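Here chain A shows up in two complexes: once beside chain B, once beside chain C.
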Partner chain A sequence: MILLVILLIALLTSALSFMSQEGFRAKWIAFSGSILVFILSVYITINNCECHTTFDRALAGNFGAHFSIGMDGLSNLLILLTTFLTPLIILSAFNRTYRRPHVFYGLIMMMEMALIGVFSARDGLMFYIFWELALIPIYFICGLWGSTDKIRITFKFFVYTLLGSLFMLIALISLYLATPTPHSFSFEALYAVRMSPHMETLVFAAFFVAFAIKIPIFPFHTWQPDTYTTAPYQGSMLLAGIMLKMGIYGILRFIIPLCPNALAEWGWLAVLLSVTGIIYASVIAIRQDNLKRMIAYASIAHVGLIAAGAFVLNAEGIRGATIQMISHGINVVGLFAMIEMIQVRFKTRKISELGGIAGQAPVMATFFMIMILATVALPLTNGFVGEFLLLLGIFEYMPWVAGVAGLTIVFTAVYLLWMNQRVMFGKPKLILPDFNDLTTREILILSPLVIMILWIGIYPATFLNIAEPALLGLIH
Partner chain B sequence: MHEFWLIPIFPLIGFLVTGFGFRLIPRQYSGLIASLAVLVSFVFSIIAFVSLKNGNQPISITLFDWIQAGNLSLGFSFHIDQLTSLMLLVVTGVGFLIHVYSIGYMHEDAGVNRFFSYMNLFMFSMLLLVMAGNFVVMFIGWEGVGLCSYLLIGFWFKDHANNNAAKKAFIMNRIGDLGFLLGMFLIFRTFGSLEFTTVFEKAKSFSSGDPTLLAITILLFIGATGKSAQIPLFTWLPDAMAGPTPVSALIHAATMVTAGVYMVARCNILFILSPVTMQIIAWTGLVTALMAAMIAMMQNDIKKVLAYSTISQLGYMFLALGVGSFTGAMFHLTTHAFFKALLFLGAGSVIHALGGEQDIRKMGGLSGKLRTTFITFLIATLAIAGIPPLSGFFSKDEILMEVYKSNPVMWAFALAGALLTTFYMFRLLFLVFPGKFRGTQKQEEHMHESPAVMTVPLLILAVLAAIGGFMGIPALFGGSHNLGSFLKPVLGSVQTNGTELSTGIEWMLIIITLLFTASSILLAWWIYSKKKVIPIADGVELPALKSLLSRKFYVDEIYDFLFVKPFSWLSDVFHRFIEVKGIDAVVNGIGNLVIRTGNTLRLIQTGNTGFYMFVMVIGIILILLLNLLI
Partner chain C sequence: MSTLIALSALAIITMMIGAWHKYKWIVPTLVVGMLVACGLNIADWNTNIHYYNEMMVVDNFAIAFNTILILMALLVIIIAGHYFRNVVKPLDDVYILLVFSLIGGILMTSFANLVMLFIGIETLSISMYVLAGSKKFDNLAKEASMKYFLMGSFASGFLLFGIALLYGSSGSFNLTAIGSFACSHSADLPKMFYVGMLLTFVGLIFKIAAVPFHFWVPDVYQGSPTVITAFMATVVKVAGIAAIFRLFNHCFMGLQPFWANTVMIISAATILLANLTALYQRTFKRLLAYSGIAHTGYLLMALLAINTHSMGAVLLYLTAYSLSTYAALVVLMLVKDFIYDDKMEHYQGLAKRNPFIAVTLAVSMLSLTGIPPLAGFMGKFAIFTATLESGYLGLVIVAVIGSAISLAYYLKPVISMFFREGGQIVIGLTPWLRIFLVLLCLAQLVLGLVPGLITQLL
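What follows is the complex of A and B.
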């Protein structure tokens, strides 16, 4: 029941923000609501009991669709990620003067509700509905508050991902029709379907396209750099930090348990595309001058590694993918949040126009360095745990592929350290009279992220143990 | 004693206190706190050493499970045996002296707290690396020291030359680290574990020349070439001299760069069983030693000379490893830590006295005013040149002997390298200390000996550089090689494949070496002290060979041409053509096609009822016609 309450609180907070008609009130409503949701989600993580999480009601029409939610370890981690990041994302917008702020915050909370819904759905149709529901608020967030060329870019993003989702819907419906009568959309029923090899390949292909667009995997990625760059920072954080995890979650939740044979046959292609994306996006990232666009390409590379680890179908790869979903969410939100802090001060996010910030703002430079080191996957930060397990999993699948995918640890260092050097070090290019180092609010946003970076880096067992039983269930 | 896990914790606390208490801790205390932290670790290291010396068993400690899932079990574990304890003494002992020296060297710097926090973080990482009980903890330390090296090379971050050097060091190390990482994966796949004790125990059942072991050892060795600046990943170390001089002494001479040597010695069983890898290591070490020594002869920056010297000496250590003399490598690692740290600190004292001058062409005549620096620098120079009975003599002699046993041709090359070493070191000494001062008037007036906080560490290191060799006196001189017998439980299973040399040959080799060394010193004296030759100024055209050496064999330029430029170009090609004009154009094309089709189809929807009726009638006729035809 508590999980249902969480969904309802998020929905209610969203509605209250919409109705508040006033920015100051809206942001505090949204922030308090998201904090409450976070506390409750921590509570159900600690007091792990199906009695708190499971809720099941048949939908009207009696065609085998249920409003069914629940939470296994995998869902739990992703729900925690969502509820942990959302308050920070809201807090990061506190000083921005957006038009119609009540709509903005309302949409963010609606987004949170939909994301939690995706990660907790236990019914194929529910999953699809939440999946599409999440697209609506992010579409408006990017379309209304974005920067240059926002309409065209957001429209492309919308159509592209919607197209992908249709493939998923087709796959879900064909699975539904393959369940014994009375048909059912419940995950258990879908998992129990025995498919012909031909059908399994088609289902695999449909799911793959849907998730590949969402994640995105090369070459389905071209909507992503534009969208991340144009979106308001909160939109970029929601997209990169949480929303793309829907795709990886989909791989773990559907492709691995449903299509093991198709994966055995076609997995090499999925791994090949993922690994190609790592190298391709890393090489492009090296020459980007726009900070957000660089992080966008970096993100393609890093999620490519996660996807590759998920597709190799062994325990290490899947564990790595799970922990790295969380780590990547934390790190990319940290980076986007800090780029926003830079842009608010200097009115630019071009690397070539920045420089020497460390001399003026040592605290900011320190936090920025930590975010970068975590992204570079330095040991004792969260990034290392995930990349270690992912590369180990890929190595067990095929050693030389791990050698190629492993180049990410070199490339990431190349472009991020170079970026850090040009932005933070050297002599200041812009000297602002009223410049200040990080404010208390900004430190409040970044500190929880740094704590998580170190926690996962030093003692990942806390989080791996939450997911472990669910992951073992997926492989068998 | 299971409290030894505290050894790395003290510097960690020091890092947190000096790094994050920066507003509470006055600048003059940060150095004290940092030094104290290392001193406590040093005391614990002595206790560990004494305990092992008295015959106690090695200690394994697992602090907590890092990753524990399925068949993967990785603990945060330490293993303290004889080899560890030797490294602990070197790292914390030399590290402590350099920390104390830094209090004086860095006292005017505004970022002194930051400096000492990085130094302590480095000590923490280095101690993790040394004390690791499995490959993962070692890798954590391994990358940790790389990070601290990065932070400290770029310590003065307002100058992009420093930042470029720092970035280059980190990236080159990362390339090596990828090798280490893949080697680790292969070890896990082969042995099902990453714990040192388990892996080495299981490795004993493998036969010599096993292809898997060959792959593992080559991958690990790639990691070592990055960290220990060997061919092909050595070009970052000379650039790393951009950092403050105590950093060069600690990280880029005495400790971090020896991590590769330590790692190979630690995994000695794996390497012994891979003769091909051993050959590769020996030749890589030898070629690196010679190449770096040649470059060092043509350098005019005091720290660059020492940097190439370090690369060259590390080459000797790898040569020793490659011929199976793990003890010899560890012996030379230890004595090198003493005399090379001393050389760097001495250079720091000179730079300090001259207000930042590093060009040896603008020095000379410093022996008068910098008495202590001169004497200690001289001792270190004699030690590195291998003059008996100073420390370098014993360790280098041991390596040369072992090389001769294994391959006399290699020995000849190694001897040539030793002569080059002697030559460039005395060239440096004669250009800096005797004669007349060649700098500015202002520098001459300012010139002063460093304060006691800097000279006392110099004196202690000088004593160590002088007598350090006595820990490994060979049987030839009536010694019993205490170091060798101490390390025997860890490195003892090693059998060198060469035959034992007769006493006569041993004496002959020593005499040959000493004669050549003496003539090399004389040559340097004759050129730089007697004839007072000053290396020509930059920009003057040099003969081809000299130009090749002074431009460091153009390796940087070659790498730039082979890797940096193509990547930049590739990045543009990927972005402009494949991304924008390729993939995205296809995506947009499909989108536009859909829109255009929609637009065309829309034209049919005219809203004219007559038109609809007309189409309907046509349709019905068509259906009827089809019915008739079928």
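What follows is the complex of A and C.
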């Protein structure tokens, strides 16, 4: 029931922001709404009981579909990630002067509602509806407040991801028709379907295309760098931090339990594509001058590793994928937030135009260093836990693939540390007379992220234990 | 039956009002009369009575489709009151023809005899030929009317020839009789029967504009007054689809192996060709014309699934499609009132000063694309499910690709309105119009959330 309330609060906050007609009021409405949602989601995590989360109501004549939400450990972690990051994302926009701010905050909260819906759906049709619903606000966020060439880029993004999702819709309908009559979309019924090998391969292919576009896995990634670069920072954070996790969540939720045989047969291809993406994106990231674009390519590389770990179909890989989803969300939001802080001050995000920030702003440089080290997967940070488990899982699957995938750590170190060196150290290239270090608001955004980085890095069991039973259930 | 009588009486009363020059009363009378007709129509639910020696049958199928027909016609008449508000000359003939056309549509949903089908189609079409050219001094309107008339006559010719051949082989005009003839002689049906079946089908898909019989649509839509376009895109299409489904359901159900491939190819070709052509349209009205053709393709998919009770899906799809197309055309009309042109460029930056119009159009476009949770998604979902259930995976994949293509052109006006900088036009809306637009959006949302309201009917 509380989960339903969370969804409704997010929806209501969104509606209130739309109607508030004024930026100042809208941002406080959105911020307090998202904080409330976060508190409630922590509450249902601690008092985990079916009574708080499960809600099931048949929709009249709706093709056997139910409005059915619930929360197992995997959903729980991702809902927490969403509700944890959204207030920070909203907070990061507080000092920006966007046109029509009430629409902006309304769309962010609508996005949060759709994302929580995706992660909590217990019914295939509900899942699909929320999945598509999440596209609309992010499309408008990128289209309305994006920078150069936004129309072409957001258009490509929307059409591309919709095409992928439609294949998923076909797969879902086929599964639905394979359930015993009266047909049902509930996850239990879908999991119980026994498919012929031919059908299983087709279902696997359809799901794979949908998720590969969303994540994105090489070679379906072409929409991603442009979209991340052109989107407003909050849009990039939503996309990279939470939305692409929908794809990995989809792999864990659908592909692994539904098509294990197809995965055993075709998994090598999926792993190969994911690993290719790691190398490909890392090499491109090294040469990027635009900070945001660099993070976009880095993101392709890191999620490639997560996807590879999810596809190898062993416990370590899946555990690693789960924890790394959370870590990547936190790290990438931290990086985007800091790049925005840099851009707000220097009016540029080109590496070649920046330099020597550390001398002027030691606090900023420290936070930036922490974010980067976490992304590079330094031990005691969250990145290490996830990537270690992922590589372990891939190693069990095929050692030489793990060897190639492990290059990601080296590559990440190369481009991120080198970038850090050029941006933070050396001679200041731009001297601003009224330059100031991080403000309280900015520290307020970054400290929760740093706390989480260290918490997951030092004691990941807190989070792994939440997801563990659900993950074991998925493999068997 | 009482519906038909009520509507005919309504048309005659409207004529009288026109004769007495009380033009202000026309729209209110029509609204009340049509609501009454709609009520009478629904009162017949579950009665299933035949009339006039089985010429007509009022079953639930007919009642459900009649309800959509009457309500859509009502919406068109309401907005016509706004559209024609500044026209000085009397317009009673336009309204009367709309009602007669609606009567034809009602005959098309409830015929039990092929003669009745023909009468229905002609009643509907002849009124529409006149209405398409009702802007007498506009060359485009003349072209539209002429083209529509010529093409429509050809179609009627095909249909009539087909009916004659069916009669010649089976010895009856009655649907049930033809159906049982086809069943009992399924092994040795005369060639004439097959030809007759194909010709009636061709005649009917002319009316609902499926490829390759769609060429008249864009020109006719463009030339006609927008209100008439709205009527054609909604009422005429619903009636045509209902007629096809009734005919196939009663007569040709057992012959599916024969016509399935034809329908499949026509459906796939319609979806692909219409969606691809729509990408290149510069005016919004032609874009909507091609969108309408594409939706015919999706609806024909359901014809293949006719034995899996796809009627509910068709009904839902038609309701969703009609509502969204109608809403889009209302927006087009409001914009055109100000700019006298419907090129897509004029929509640039419209959202900034006209949020109501922009949001209505965006909702309609997304619903037509089939984005949840809007009505169009549920319609598409229901049709895809029915088609997959009958085992046409390839066709559904084509339809899915078509849907993705369609997003590209449905987004065009949305992108123009929201993302491009543009004019400073402020389109004045009366409070009533605002409420009307909000209701249209809400209706599309509600249908998307509880499609059971409609699918459970049939």
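In this text, the second predicted complex is superposed on the first by the 475 of 476 C-alpha atoms of A that agree within 3 Å, B and C clash if a C-alpha of one lies under 4 Å from a C-alpha of the other, contacts with A are read in each partner's own complex, and residues count from 1 in each chain.
The rule is simple: a contact is a pair of C-beta atoms (placed from the backbone, for glycine too) under 8 Å apart; a residue touches a chain by one contact, two chains touch by 3 or more.
On a predicted model such as this, the values are computed, not experimentally measured, just so you know.
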| request: Could you tell me whether chain B and chain C fit or clash when both sit on chain A in the superposition? | output: clash
| query | Once the shared chain is lined up, is A:170 touching chain B (first), chain C (second), both, or neither of them? | reply | second
| query | Any idea whether chain B or chain C touches more of chain A? | reply | B
| message | Taking the superposition on A as described, I'd like to know which of chain B and chain C A:129 touches: first, second, both or neither. | response | second
| Looking at the overlay, does A:159 come into contact with chain B only (first), chain C only (second), both, or neither? | both
| query | Is A:143 contacted by the first partner chain B, the second partner chain C, both or neither? | reply | second
| request: May I ask you to decide whether A:378 touches chain B, chain C, both, or neither, giving the answer as first, second, both or neither? | output: first
| field | Which superposed partner A:182 touches (first chain B, second chain C, both, neither) | value | neither
| message | Among the options 111-119, 525-533 or 597-605, identify the stretch of chain B whose C-alpha atoms clash with chain C after superposing on A. | response | 597-605
| task | State which residues of chain A lie in both footprints, the one left by chain B and the one left by chain C. | result | 159
| Within the complex, which stretch of chain C touches chain A? | 366, 369, 371-373, 377, 381-382, 384-385, 388-389, 393, 396-397, 400-401, 403-404, 407-408, 411, 415, 418-420, 449-453, 455-456
| field | Complex contact set, residues of chain A against chain B | value | 156, 159-160, 219, 221-223, 280, 283-284, 286-287, 315-316, 319, 356, 358-359, 373, 378-380, 384-385, 388-389, 391-392, 395-396, 399, 402-403, 406-407, 409-410, 413-414, 417-418, 421, 424-427, 459-461, 464-465, 468, 472
| field | Contact footprint of chain C on chain A as seen in their complex | value | 59-63, 125, 128-129, 132-133, 135-136, 140, 143-144, 150-151, 154-155, 158-159, 162-163, 166-167, 169-170, 173-174, 176-177
| note | As the complex stands, chain B meets chain A at residues 64-72, 136, 139-140, 143-144, 147, 150, 154, 157-160, 163-164, 166-167, 170-171, 174-175, 177-178, 181-182, 185-186, 188-189, 567-568, 570-572, 574-575, 578-579, 583-584, 587-588, 591
